[in-house]
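Lettered A, B, C, D, E and F in written order, each chain numbered from 1.
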Amino acid sequence: MNVVYTNIRRADAEVVNALARCGVATVHEAQGRTGLLGPALRPIYAGARIAGAAVTVSLAPADNWMIHVAVEQCQAGDVLVVAPTSYSDAGYFGELLAASLAVRGVRGLVIDAGVRDVRELTGIGFPVWSKAVHAQGTVKETLGSVNVPVVCAGGLVNPGDVVIADDDGVCIVARLEAARVLQASETREAKEATVRERLQRGELGLDIYDMRDKLAKRGLIYRPQSLAE
Amino acid sequence: MNVVYTNIRRADAEVVNALARCGVATVHEAQGRTGLLGPALRPIYAGARIAGAAVTVSLAPADNWMIHVAVEQCQAGDVLVVAPTSYSDAGYFGELLAASLAVRGVRGLVIDAGVRDVRELTGIGFPVWSKAVHAQGTVKETLGSVNVPVVCAGGLVNPGDVVIADDDGVCIVARLEAARVLQASETREAKEATVRERLQRGELGLDIYDMRDKLAKRGLIYRPQSLAE
Amino acid sequence: MNVVYTNIRRADAEVVNALARCGVATVHEAQGRTGLLGPALRPIYAGARIAGAAVTVSLAPADNWMIHVAVEQCQAGDVLVVAPTSYSDAGYFGELLAASLAVRGVRGLVIDAGVRDVRELTGIGFPVWSKAVHAQGTVKETLGSVNVPVVCAGGLVNPGDVVIADDDGVCIVARLEAARVLQASETREAKEATVRERLQRGELGLDIYDMRDKLAKRGLIYRPQSLAE
Amino acid sequence: MNVVYTNIRRADAEVVNALARCGVATVHEAQGRTGLLGPALRPIYAGARIAGAAVTVSLAPADNWMIHVAVEQCQAGDVLVVAPTSYSDAGYFGELLAASLAVRGVRGLVIDAGVRDVRELTGIGFPVWSKAVHAQGTVKETLGSVNVPVVCAGGLVNPGDVVIADDDGVCIVARLEAARVLQASETREAKEATVRERLQRGELGLDIYDMRDKLAKRGLIYRPQSLAE
Amino acid sequence: MNVVYTNIRRADAEVVNALARCGVATVHEAQGRTGLLGPALRPIYAGARIAGAAVTVSLAPADNWMIHVAVEQCQAGDVLVVAPTSYSDAGYFGELLAASLAVRGVRGLVIDAGVRDVRELTGIGFPVWSKAVHAQGTVKETLGSVNVPVVCAGGLVNPGDVVIADDDGVCIVARLEAARVLQASETREAKEATVRERLQRGELGLDIYDMRDKLAKRGLIYRPQSLAE
Amino acid sequence: MNVVYTNIRRADAEVVNALARCGVATVHEAQGRTGLLGPALRPIYAGARIAGAAVTVSLAPADNWMIHVAVEQCQAGDVLVVAPTSYSDAGYFGELLAASLAVRGVRGLVIDAGVRDVRELTGIGFPVWSKAVHAQGTVKETLGSVNVPVVCAGGLVNPGDVVIADDDGVCIVARLEAARVLQASETREAKEATVRERLQRGELGLDIYDMRDKLAKRGLIYRPQSLAE
């Protein structure tokens, strides 16, 4: 059965924006090392860092019809998340769809497939995380669904979840967890700031994290190289 | 039998240059979604967009002898297309060969293998589409052929065909089809300009492409999320 | 048995710096086409070219504990080389470890796995060659070794060896061979300068390298395309 | 938070056994082409066809501690489903764990990672679907969870779901859908039996499925090859 | 434009059958090391060795409609060759299509994509060379072409060409070259029989092929290991 | 410099044969989880389990000349280990070379590349572990070396080392470590026999390995599924 769910509940906008500032690596750690999509997803250009509410699309391989359907479900602050039902690296998305999303205030695209018009997308500053760049066209023949749970690059995404994406990849935070994860992320950032400062002064992680004892107990041996043979 | 075909027929230079302006994605669509080489071919730097007549090279894996032979067959406006007879990611091509091609007016290289001296090639602005960057040297021991049909990254390339390459990948247009494909590409561009304008004003592809009826006939259901469970 | 070898012998600093200027492709050729690590290792940003003495780390997959141990063994001019004992693309290394290495004068990281905080590493100019970018965290539970021989991306690296890394990849020069390889590299550079100049004047490699005879003896045929069918 | 959920609800045993007889391809079709895990999962030997209730394991890469924990949660008729939190092809599972599961009546293992002792597992007839065969050992240091939802080879698996596995791969049926999907599978099988018979008598799918009209309307052209050029 | 070419010219049946007896490796060598498809194509079961005339199918990714169309174009002794226009590992082909082909005397399938019902295909002895086994279903929505030239796993296949397939992979012989290649294959086989006999008596290839001189001239050095350090 | 080292020192034959009986997984564990080659190496047929002294070959990609040279260096009980200097999946080895090795008593081949004549090799029972099956021929043009250290599928192999290979892959034991590793392997086997017996009686690994306390201390929680939501 192919359904478009409308009026989805979205994570709180302020929380979403604050998560963007934290970035993928921090948020992933702060929520207990879950939610990360696979490293095959790479940004088409360096430097973008976004977060938004997920509008999800499940579609047939090499068929982008449901992306056209999904556009209407998007609103300002959303991120489109697209996953075909079997492997495809065709180019489902280009500058016309981007123009249509940009005018609605959509912040970017995460697609477990290919994208094209990279030059134009870079020109207008519409960021895409994809696993391929490929000009191969797609058809518009088979129904899929919008705003259903999808598995994208090995991770589960529910509609309305927070999508955070930057040069390190893409991380998903469950809608109802977003506020809690933001708090944990900010705590983590504060703690890292202190550690960073100490490291920059030349202190060693071995000492800051108190590792020497545990290493010795496990049996780590130090030996001058001259004694190696 | 190893042959170098000389005096190949090339696509018309003006048509070639106009195809470059259209770019890979448009040309691929305009010629009925054929001619695209595989997405493993990536540019060594972003932003180049070229077209030229193909001088093709079929060579032994990890042996670049025939590239040296092919240089002599190249003239201004050509693009060199290189395909080994089995998988190899060695570095067949570097800045010395690029210098040699550049002085003859060759516009770039498409190679279903590896390239090296990326820093220098970027510096002199000689664009390469390859499936690997690898410094691994090659030998000069085994004959191959120049200006024979080759399969490169899964696509067929005949000598004299038009090669279009940009950030989206590489597309081949048969020499005798070039004028017709250019016309179709320009028609497509004009049509896309109209659509783009409407999209940027906020119209939906669903309406512009008249999809709603077809979607309903196929059975697509719209349902508020609150009714999901 | 897990050991940290201390006080390793390092290649001479001046030789190391001169090798950096030669770059990966030249050094690899000059030492007889050996020492290259595989092309899966890519720089996180373009343009860096470094050389340094290898501090090597062998560690468990998805466990970065031994990197923290290795920091203490690093000194100015070193390059850290990290290899897990089975495949992993997790993110073993980020900006905190980079800060710690940078303050000691370490020049970069080569890791046969994943890295994260790419935006921050790019910002502070700490270059990394890795086979993935991935925010996935690692644990600190299992011992490994520091300054033992490791196989990294298919190549052998001994502690104290010279690591050269640039946009073309990563090349290793044995510590005791470094001076000899530098001399061979500089000889090669001088020779290439002459060839480059001749090529830029329009001479052909076929003539410069005296290939025409050998090609003819092997049986290469030249034939105008009009006679092809 | 790391949890082992006990006393999970399982799909009905008779339904599970009947689904095994239908096989992966039929069940996947019958439930609307959903639930399939990716083709990287391959059986270690040909010919096994099983179904069972999923006991799921989420664990750290290269760490099989939680499999030992999961054994206790397994009962006769179960299939163990194991997914690391990032890519790993280490060998998490061998004949000792298989002996332990076999004695409890577990029917097989699906693991998005590597397996070892393939010769022994084949000898005792304990089937495994994995993405690698690799002797690489794993550690027992990091907690994970048992009977939580996991993404395995790109598909979502909930504890208690039906796992069907055969030479074609692995398919998941939601616990509450199992009876309905079985009915649809058996309907499909009956229909296929009729079609098979007609095909074996020499009738064409073109006629059985009434495709000729639709093909003609879409514009398919038939042309003798002699007119091709 | 989508066309089905009918009444294609096929290679001579006796020549085809004799080529099957020679096998892929011999034929590939005998025709000058051309015509081989890529090693991603693997047989679904070991031991099959077939040859036949190619009926080719170019189709959309994840859409098997044109295979149904192609069945009607097949006759006894043919081999079906299927290539999607972009990467797909979906399961385009199963036992119903096999039944339909088998009743017409088709000898097997070569597909640059996925196949399913492997257990049943093995049971009826219908051999398939594919790059994946995957139960994922395909649609029947988009036209393609039958009996046009296709690129399959990196090699060019024209309708009516000879397809030879065995445990070593798949090799294509141009229709008009088949008789000549058969002769060369049989000559090669005879020559190999003599060499095999000499090798089995303990003679060395170094002597049979007269390599010692050439090795010495190139500079190969023999040195007892005791002198290695 | 290209050298053939002759008269290499080999591991003791009785130790080698005893290691074969232990198999790859056991030996790998017994020597501290080192020495394993990567899982890309797969046997061409199931069920072989061999061990032998390594005769190593470093050769140019797609060039098998040095294998012919290496045959003369082989003696009864050896295993040939072949590694090209950059990636290649060409077919370096077939039944003629196997015949030549078999007559000398060589036990098998490990090759980080492709093999052909799989049907014939299976027929005569000459086992091969390779990363591809591919009929693609190779040339005999470029020198390499025999009995030098090579990196094969990510692992280091020295001439004379013990190579153990079975369905789980390939493991290397240093020549001078072989006796010690055999002893450790046999100790491990004895210990595993006891564990196996207890597991087969229904005891749990959790109890046999005393894991419950450690799990509790780390914080693992057990919770009935009914309390999950």
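Note that in this section a contact is a pair of C-beta atoms (placed from the backbone, for glycine too) under 8 Å apart; a residue touches a chain by one contact, two chains touch by 3 or more.
Bear in mind the structure is a predicted one, so any value in this text is a computation, not a measurement.
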Per the touch definition, the chains contacting both chain C and chain E are A, B, D, F
Third chains touching both chain F and chain B: C, E
Please state whether the interface between chain E and chain F is built from the same residues or different ones, using more than half shared residue numbers as the mark of same. different
Turning angle required so that chain A lies on chain D, C-alpha fit (0 to 180°, nearest 5): 180
Centre-of-Cα separation between chain F and chain C, whole angstrom: 28
Chain C and chain D: spacing of chain centres that average the CA atoms, whole Å: 42
Check: chain C positions touching at least 2 other chains come out as 1, 33, 36, 38, 85-87, 89, 134, 136
Pairs of chains found to touch, sorted by chain label: A-B, A-C, A-D, A-E, B-C, B-E, B-F, C-D, C-F, D-E, D-F, E-F
Where on chain C does chain D make contact in their complex? 60-63, 85-90, 134, 136, 139, 141-142
Provide the residue numbers of chain F that touch chain E in the complex, in ascending order. 1-9, 45, 65, 68-69, 71-72, 89, 91, 94-97, 99-100, 103-104, 114, 116-119, 122, 132-137, 140, 143, 147, 159
Given the complex, residues on chain D that touch chain E span 23-25, 28-29, 33, 36, 38-39, 42, 46-47, 49, 166-169, 171, 192, 195-196, 199-202, 204-206, 209, 211, 215, 218-226, 228
Touch list for chain E against partner chain B, complex: 1, 32-34, 36, 38, 85-87, 149, 151, 154-156
